[in-house]
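In the two complexes that follow, chain A is the common piece, with chain B as its partner first and chain C second.
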Partner chain A sequence: MATIDFDNVQKSYGEVHAIRDFTLHVEDGDFCVFVGPSGCGKSTALKMLAGLEATSAGSISIGGRDVTELGPGKRDIAMVFQNYALYPHMSVRSNIGFGLKMRGQDKADINRRVEAAAETLELTSYLDRRPRALSGGQRQRVALGRAIVREPSAFLMDEPLSNLDAKLRVQTRSEIVNLQKRLGVTTIYVTHDQVEALTMASKIVVMRGGVIQQIGSPDTLFAEPANIFVAGFIGSPGMNFFRGPVEIENGRAQTRFGEQVVPLSVSPDRLPRGEAIFGIRPEHLKIGGETGGTPVSLGLVESLGTEKILHFPTPEGQAIHSLQKVIGSDDAARDSTTMLARVIDDRRYSDGEHVRVALPEGKVHVFDPETQKALS
Partner chain B sequence: MNPALQGVIIVVLAVAVCVGYFWSSNQILDRVIFPAKGEKAGQNINRANMVRPWLFLFPALLVLGVYLAYPVVETLRLSLTQRVGSGYEFVGFDNYVQMWNEPKFREALLNNMLWLVVVPAASTAFGLLAAQLTDRIGWGAVAKSLIFMPMAISFVGAAVIWKLVYDARPLGQDQIGILNAIYLGLGGDAPQTWLTIPFWNNFFLMAVLVWIQTGFAMVILSAALRGIPEETVEAAIVDGAGPLRVFFQIKVPQIMGTILVVWTTITVIVLKIFDIVYAMTNGQFETQVLANYMYDKLFRANDWGVGSAGAMVIMLLVTPILVWNVYNARKEMR
Partner chain C sequence: MDNIAGHKSSLTWAVHISVALLVLLWLLPTLGLLVSSFRTADQIAGSGWWAAPFPQEESLQLRTAGPDEMTQDGDLYVIEGNLLEQNGAGDLDISAWGTSARDVSAYAPGKTAEMRGGETMTLEEDGTYRLTSAEAFEGRGERVFVSATVPPEFTLDNYERILFSDDSREGMAKAFFNTLTVTIPATIIPILIAAFAAYALAWMDFPGRALLVAAVVALLVVPLQLALIPLLRLHLSIGIGKGYMGVWLAHTAFGMPLAVYLLRNYMVGLPKDIIENAKVDGATDFQIFTRIVLPLSFPALASFAIFQFLWTWNDLLVALVFLIDASGQTTVMTRQIVELLGTRGGNWEILATAAFVSISVPLVVFFAMQRYLVRGLLAGSVK
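So, the complex of A and B:
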């Protein structure tokens, strides 16, 4: 059990900076998720914590002990790899017990602890099998077993669910969370999947291009994204963005969305002159009604039973054409000229239908067009 | 005519004959024997396709039959006969009994056993060491090509090179043999004629083959080491394993199949070892091996019976290892 601290850690490969100014404090027992699009440096950060990659500058401590110069074996951590990394020539029992054997524990002790770990993960009947005779989910559990049997001060997990099928992934997700809660071991978990991050983490670190974008709880990240990238990355579907004028009316700031005048909760002196970028989550948009809002004609209607995703064009002149660059090419499905609304009701919507869309007060996020940072 | 020109003509002619054979035999099959028309068109196409592989295999099978299968049978026959006045007579296993009672044959058999134990083990071990040490180093590729280079030298050429290494000059002259130069440099009293020191001279001969085969082992094992999933190595490091344990407990077990294939391949080469012994000692000073013994009997003593018996013994020893080797290699490829 331990806290984990990154202090101004840097990693560069020659001229390329993979990680810049990485500073993070993880509390004892936290489930901390590093999330971001591929190539954002999250795996590199994890490998530096594991000691498999050297840091270029800065220091890392585990449990208050500076481990920056220590080898991986001496950091008292256990790691779960994306491809499980089971030793193919060893039985499940030897796989789980390998770390203990390397630490010179006596055989009876190893056996007792391996069997206890196997019991926890329901692997008892597979102990004498080779990894290749196991299914993907079972291999995953062996990899977890190898981590928990050591009783380390921290678990490091590198996309451990990405090789499982969708159903098993959801199931294993909750198993890992429960296991972590029961053991109370500080865990660093890397994923590119923001749903995994939101559902599992007690603390999320959103990364992009080697730089931390925001650190916070899932609720904080969802409700108060620090910048356009985080706002677009977290949530499914991600936030809608549009350009709008900044107007001051009777000392209160407002903008326009199509025909609608949208009052803003941000104080006028914090807003830029002229124009700003605004964001609204698909689930916050109000659809329907005879008056108010702005009329739009629906494009695609995706129905998931009761839940529906409605596509409609961004009002004339309010699309942000550089959006792809801002939120990263990862989200290729996003089209800056289309906005999405997520509704749960019994109405049937059809393509081409005319409806009114309204932005409720207090749900609109404002971003600085220059720095892309959130304004509040 | 210039021999080079002759060679070119032969090459062109041979290729033309091959193309002609494949083309015309397929034509005959498809147009004459099983034409793809008429009532039985479908059936004919299927039959033609069943026959076709054999058309392509036929030249290879013919050559293998004449130059490989037939000589084996003929050697077996010769080994059971002996020469009398006008021809041969059947003598059963007399040749084998006679051979068994010869000290030189037993010496060859024992030496072969020694070669069999030492050379594959040493070549594989050095090859594995070289593969591991040159892995992921900038100049590793240069080191690898240097170690691999002896593979390109013929056994006889290598034997000549190593004869110079073991060369001895009278005391007082410059030693051109590096082994004697070092020996005297380290305070040895007189230059040694290394290849005439019984028992140990076997190892001096084996060094030549180890020198050649290490490159082969290294190249194959190096590829196998690269194939090990990096994550298993990282997992072992996180588990607290040091470099030696990662090597012996994680890497080596994962490439065991390849190690076995390399080992058995070298074993087969060792069982047939001839050139090195022939060129360096010719089996004198208790360095005889089976292949050189066979050559002695067959072409020096002109005793075709016993010589053939020697050849059969070598074949019997090689076959099981070869079968096992092919079996393992196939398993590796899967």
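So, the complex of A and C:
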């Protein structure tokens, strides 16, 4: 049980800075998720915490103890790897007990703890098998068992679910969360899947290009993204963006979305003059009102039963053409000239249908076009 | 669309045929050697090894009894008996016979031959003969050439002679054990050293590592003949001299570049995550080496062991330079076979047997270890 602190950690490979100014405090018992597109440095950060990569500058402490210069075996952590990294030549029992054996525990004690861990993960009947005789999900549980049997002060998990099929992934996701809650061990979890991050984390660290973009709870990240990147990355589908004028009327700021005038909840003196970038989540868009809003013609309609994703073109002149670079290619389903709305109702929509789209007040996010930071 | 699923490319057949040809190319001489080693010198001279399993027409040179057996029948002096029994040739059916080396099958069985000096001879199919002459026989018995069908016969005499003969010029037993004495340590020592080196070069970070790997690769192309004389002088000057210690060290040194290179390449290919996980689990480098890397590298260790074993087993040059001295007590099999070629060059049965004795151990080693060459130990560790 321990807190984890990164203090201004840097990592560079020659001229290339993989991690810059990484400062983070993780509370004891937190489930902290590092999330970001591939190559954002999240795995490097985890490996530095594990001691598998050296830091270029800064310090890392676990439970108040500076571990920056310690080897991975001395940091009292356990790690679960993406491909499980089971020892293929050992039985499940020896795999789970390996860490304890390396620490010189006596045999009876190791056996007792391995049995207990196997019990927790329902692996008891597989203890004498080799990893190759196990299914993907079982291997994954062995990897977890190897971590929990040591009772370390922190778990580090590097995309442990990415090799499972979709159904098993959802199931294992909740198993890991429950396990972590029960054991109360501080956990750092790396993933590129924002759904995993939102559902599992008590604290999310969004990273991009080696720099932390925002740290916060899932709700905070969803409701108050710090910049365009976080807004576009978090949520499924991500936030819609459009360019709009900033107008002041009666001391209140407003913008336009097609024909609709959209009042803003941001005080006028914080807004840039002329234009700003606005964001609205697909689930906040109001579709199909009789009056108000702006009429659009639906492009693609993706139906998932009750839930439907409606595609429609961004109103003329309001598309942001540089957005692709900002958000990254994570959301391949759309380009910057298309907006998405997520609706849950019993109405049927068809391609080419004309509907009215309205932006409700108070749900519109405003971003500075220069810095891309959120304004509020 | 020839290469959609279900259609074999015609190239597959070319591959299969080439493989079959290669197998035959290697197998046939070995089989010939094996068969020849169980045959007698006469059989080898009479027919090829492929005829060994079948009965064959063979020409025997036999001799009748001498004047001691002579009896007098009226005017004639007569010698009677059974040609086959007297010569210990066994129970054969004579198909033809002759009294002159020029025409060994001049007469059919039962016919009477007229010979020089008024002698006549009658030979029956079962070998009974009657030799008559107007004058008393003198000297040795008459030579008779007999053609008979001999059933296939295999003998262990060659092996007995090669393996258990006390004659040091012929016996292979001593050389066999000497070779083992050279080969086993010369295989184990380089593996032990190279495995440690390979682990360090693959998984431990230290300055100059890449340079060391490059040096090892460079050493692969240095011919060992270059080092023979300097190394022998070194051995003599530090007091090792000629002997087993010297030959072990030489084989170790010459095998090391290949061993390090092979093992390092294999170890580098082991999944990084497994080794990192062991580090997080608290294992030291030595523990990672002995408990994770070494067991997982078994296929590479086995394949190098086979290489090194075969190479040291078949080696003549290094043994000649570093081991064999004037006393001849430390001779090895390759050397012994060379000697046999000189002294018993005509005796193919001896040479074939010696050769087969010398390849038997490599064959056993190969068949015992080859499954490790094929088996992938890594299945199931990473997905």
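The working rule: the second predicted complex is superposed on the first by the 376 of 376 C-alpha atoms of A that agree within 3 Å, B and C clash if a C-alpha of one lies under 4 Å from a C-alpha of the other, contacts with A are read in each partner's own complex, and residues count from 1 in each chain.
Throughout what follows, a contact is a pair of C-beta atoms (placed from the backbone, for glycine too) under 8 Å apart; a residue touches a chain by one contact, two chains touch by 3 or more.
Computed from a predicted structure; not experimentally measured.
Clashing of chain B with chain C is the outcome of superposition onto chain A.
Once chain A of one complex is fitted onto chain A of the other, the partner contacts of A:79 extend to both chain B and chain C.
Of the two partners, chain B and chain C, it is C that touches more residues of chain A.
Of the two partner chains placed by the overlay, only chain C lies in contact with A:133; chain B stays clear of it. It is stretch 24-32 of chain C, out of 24-32, 96-104, 114-122 or 132-140, that runs into chain B when the two complexes are superposed.
Shared contact residues of chain A with chain B and chain C: 50-52, 71-74, 77-79, 81-89, 98-99, 102-103, 146, 150. In the complex of the two chains, the chain A residues touching chain B come out as 50-52, 71-74, 77-79, 81-90, 98-99, 102-103, 146, 150. Residues of chain A that touch chain C in their complex: 47, 50-52, 71-75, 77-79, 81-89, 98-99, 102-103, 130-134, 136, 139, 146, 150, 156, 163. Of all residues in chain C, those touching chain A in their complex are 271, 273-274, 276-284, 287, 291-292, 295-296, 377-383.
On chain B, the positions that touch chain A within their shared complex are 229, 231-232, 234-242, 245, 250, 253-254, 256.
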